[in-house]
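Next up: the structures, one after another.
Below are two complexes that have subunit A in common, paired first with subunit B and then with subunit C.
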Partner chain A sequence: MPDALSGLLHDATAVYRFVDFICAFCDRKESQQTYGEASEDFFDYVIELGESTRRFLQSIVDEAKSDPKRIPIYRTNLATIKKCWAELHVFVKPAADGHSLQTPTPFLAFMEQQLSELPSLAGARIVILISPELNYLQYQHSKLKGFASELSRTIPKSPTFPAKLGFIAIPFSQGGTVFTNTLIYHELGHFVFEELNKRRTLNAAITSALTRTLRNAYTSLGYDEKAWCRSQLAIWAEETFCDLFALWVSGPAYSFASIELLSLLGMLGTSGAKDFDSEHPPFAFRFSEHYDQLKKHKWWAAIESMSADHPKLIKEMGAVDPKEYRYEFQELVPAFLELRDAIRDLVKTTVGNRDPGFEAFKEWKSNVHEHLLHGIVPSTSHGKGKQPLAAALINSAFCFYLDSLAELVKKVKDLDPSIVEHRSDIARRVEMWTLKALEDCHLLSRHSQSQAS
Partner chain B sequence: MKGSSSETRMKYLSLALFAQRTTRALIDFVRNGDEEPMRKSLKEALTSLRQLSHGETSNVRSFMYYEQVKTLHDMNKAPEEIIALLRSLLDRKGMQRQQRANAEKAIEFFHELEKQALLNCERPQEEIPRGIRQLCQTR
Partner chain C sequence: MAAILSDREIKRRLGLPVSDDESLVITPLFDLGKSLDADAIDLRLGTHFLLPRVSQRPFLLPDRASVGTFHTNVNVPLGKYLVVPAHQTVLGSTLEFIKLPFDLSGQILTKSSVARTFIVIETAPWIHPQYRGCLTLEIANVSNTPILLYPGRPIGQLVLMKILNPTKQPKMGSTYFGPIYPEPPTFKDPLDDLSEIGVSKVWIIEGPTPVTKPGKKT
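Here is the complex of A and B:
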């Protein structure tokens, strides 16, 4: 056997074994744990893709045998296939860790339902990834679908990537929480942006903003440099889209959760709040968008008088003069700011006529407050009001947690609101009751639907 | 400089897969005269390259992102040169022998593109193209 061919055969065998291991891992996990339907579909996709990949590897070797002068090409092909599987490998383990004992299942079911109600997203489902990162925003996966489609197009007879399948990552420490997990709505935004190809909608506005603000300096750039400028604006625009999407679908709970996370990471109040980086616009800009949308959707009047610092911080950060925003390449900032309206419009058309949830909050806030204050799961009034209770639960419970936790701690014998351990225990219970209420509402709604049909 | 993220790597790999598909379609054409898959891939490539050379964002996923455009740029080949080559293949210019020779050139190009995408996938992310730095210094 010529050396080049035996080298190719060696490479193909190594890739085969790698793929085989991942498929066997998925198969084993499916039989050992309970997963949501979306995760099972993802594992099935990987297993099927594995079968077609193994056949493809053999066909590469067969082709190389009949055309040895092209062996260097086939070796490159194998290297690509191996790297692609290495990327899938990155997702398989966190997805395997996302079984039902590790995740806030009722909250995720609620989110899936909200997602399904949006235009063109009926039937959308979510695969849960358990991440070692505390920061939800650092786990990037929104390009997986496009990448998987390319893989399916390249490997003959491979399965198509399951339709409307999104991925969200939860820090492993936050599986049982509700409030911090409101940040997941931002991740859902990335899924929606990718799934509905919103980048394409923004392309014209991006090019036009660059041409208007940079003029000749932009038009005289090389094609790769122009692409860099467009890409940078598109990245910031997508982040802004995700924030506004999250805020529209989940309400101020998303702003509160953002403040909580930034506070935990020690990123609040630093001078960096005005700085763009290559992945995100500055917090000051992001919170100014929060502030505007909260006012537009009537939320602001209802939350500004809260005793917690959160609304004050949103307002303060949002009030930073855009002239103070900084970036290494300052020229791009005015071009990005020109996109504000286009992004807002894009969010509006994406969510369609979806109610931002304020009316439900107004109707149910006191009721939820009273329940939680007495240690009662706030689902007993389900089906009794004009607005759905589930839509108001998260925001009402979050407001309770921020403003009235001490009141509840005081009510419990031998507990002291100034003792961190006591507060922490009661906060955990408030989240549990909220999660239970979401589960109850979900079950009761399904029950009423089945009775009606 | 920072290590490339999974998302960035997937952009490079999407391009590598596209290049691989095109190379294989071209090999099939040279070997068996199978024209249809080649035409489909070349049309996709041609549309993207034309949009890029006009300073527009490609609508085709394989060339939609900066990392993918950068890979093409890293090959030091003018898009116009490749556009002309692909155009001649799609227009069936020349005798069969000439067409095969053009197909071989295209195979070489797409194989290089796949290799460059794999190479960039491994490299730490380069933040800013030089031209942008110059632009900001002169303003």
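Here is the complex of A and C:
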């Protein structure tokens, strides 16, 4: 079968070149830029997988020469390799773009630390991908893991996919910011939901909600229609879970960041605020959940009187009557609303006994405010209070940004708070100082730990 | 006469609340006891650098259009190093963010141990009262050997001086306001600077222009 062999050889060569390029790309990027540990592990995995893939490609060609009957099997192997590497290809470039100059590294390190402290998530890490979209997205890592295990079944001695590795894409324009990047917490929620298989926990509640609210209309549906209903509710439930998870772990900064991004996207205040779509519950519902949780965790009283519009917007949206929520299949809405308590409980069990951070905020807010107002990185008080300063930084600084930016601009020579360029420059600096304070806190904590040991 | 601040006075001022006019800020401070000398405080090398970029023009014209075009950003995390080739320069910064009060000036000096490797960290060492930010360091390797710089290692010493009859500026300065990384230089156009002293004409060199064969469209 000379033709089949030369065809296999040609195909293997093309795959070899493809894999070789990706590995060289990862290697080059790793030597040129600085990445977080998660990204480095991912690149190392890709490079190692590349080596085993290339070895395997040569081995199948060698074996095909001596046993041409096996060529169809090798062709199937090649098809698997192509499919999996094509999937990896999607991740490599955005991950390479997510180096330390394009991402808020100290903030990400803080998030990873918070993530690692959650039950069953010790050692969890996140690869940051840079996206052209003006949105945040968690890539389903279990899909990538699936491809990886398919490859390891095909290629002998291929490396194991790094455990507890998530992939979150952030917009390229927001790489250096702190405040908007609080939205990453929502994507961390997706990672947690997927990694800990929280969908399974919700399945019973979803079926029960559908049966209770739709009664015969649900039980008389066909298998596929029932599955679709359950899947739709699960999608909305996951989104709500992620919102509440993000709020719990990061505080009202998450609500503020959501409003900032929605406003930038021109999606705030539109008539669509009450509409469900196939991927998300309506903003009105989501903010009503924000409002309830912020009240429950004592945040609301502290942010309610802010002069910025954000708390008012949260309250207004939260006050929309659920009867006004709309969806193409309206019957699903009451079934979904029945799930509220189950979702809230799920968030609670996921975060364990994690402190929502209000006490730290209460202790440090005025201190952080005072520092920022004097143009100073607010890390000087690290280790001097009862509560960790790092936990309060994002919320305190976000409140400062929303309420007191003009006050700071007025204190700087030749700057005018009514000039957009001046405000923008100072806002950028407030974010920089917050980022630096997070980095300082991290370094100082590490230093204290090393002294103690 | 102006006086150099002692370690005790530095400590006192570091302990004041940031709203106090006399307060001095240096953060992060890992071990104040170890960092303080009798009349100076150690500063460490930061993790971000601006490396000189090879220009497409055969010269460097410091003007408004050139801002941000001279350098490439590099981040070197703690534990890794930056190689500074012999006779090369790089902009770095201190790891510490500093705020001077209205009545103090400062001067940053290369630590003697570093200076003896022929690394010079400052050519504009003076720090004005009420300055805030990480200090940009104009690092030059004037030796004949490439040298490794490790972010986080002590690299300079800050000496603080009391000013006689200081004037309290009501506002914070806006030039190089609160940087946390090395900041590239900012310039006005040469004519803007020189017109302030009555010069109305300035000679400049145009950038490279393409040359084409006669009759060919570019």
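The rule we apply is simple: the second predicted complex is superposed on the first by the 374 of 453 C-alpha atoms of A that agree within 3 Å, B and C clash if a C-alpha of one lies under 4 Å from a C-alpha of the other, contacts with A are read in each partner's own complex, and residues count from 1 in each chain.
Criterion: a contact is a pair of C-beta atoms (placed from the backbone, for glycine too) under 8 Å apart; a residue touches a chain by one contact, two chains touch by 3 or more.
Remember, it's a predicted structure, so these values are computed and weren't measured experimentally.
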Partner chain(s) touched by A:T201 [first = subunit B, second = subunit C, both, neither]: neither
Residues of subunit A touched, compared between subunit B and subunit C (which is higher): B
Which superposed partner A:R429 touches (first subunit B, second subunit C, both, neither): second
Subunit B versus subunit C as contact partner of A:S52, first or second or both or neither: neither
Touched partner set for A:S445, first subunit B, second subunit C, both or neither: neither
Which superposed partner A:Q387 touches (first subunit B, second subunit C, both, neither): neither
Touched partner set for A:T213, first subunit B, second subunit C, both or neither: neither
Contacts of A:R230 with subunit B and subunit C, given as first, second, both or neither: first
In the complex with subunit A, residue positions of subunit B that touch it: 5-7, 9-11, 13-14, 16-18, 20-21, 23-24, 27, 31, 52-53, 55-57, 59, 61-62, 64-66, 69-70, 72-73, 79, 107, 111, 114-115, 117-118, 121, 127-129, 131-133, 135-136, 139
Touch list for subunit A against partner subunit C, complex: 33-34, 99-101, 105, 370-371, 374-377, 379-380, 382, 411-415, 429, 432-433, 435-436, 440, 443-444, 447
Residues of subunit A defined as touching subunit B within the complex: 67, 70, 72-73, 76-77, 79-80, 83-84, 87, 90, 140-144, 146-147, 149-151, 153-154, 199-200, 203, 206-207, 217, 219, 221-232, 278, 328-331
Residue numbers on subunit C that touch subunit A, as the complex places them: 17-19, 25, 27-28, 30-31, 73-78, 80, 97, 99, 132, 134, 169, 171-174, 177-180
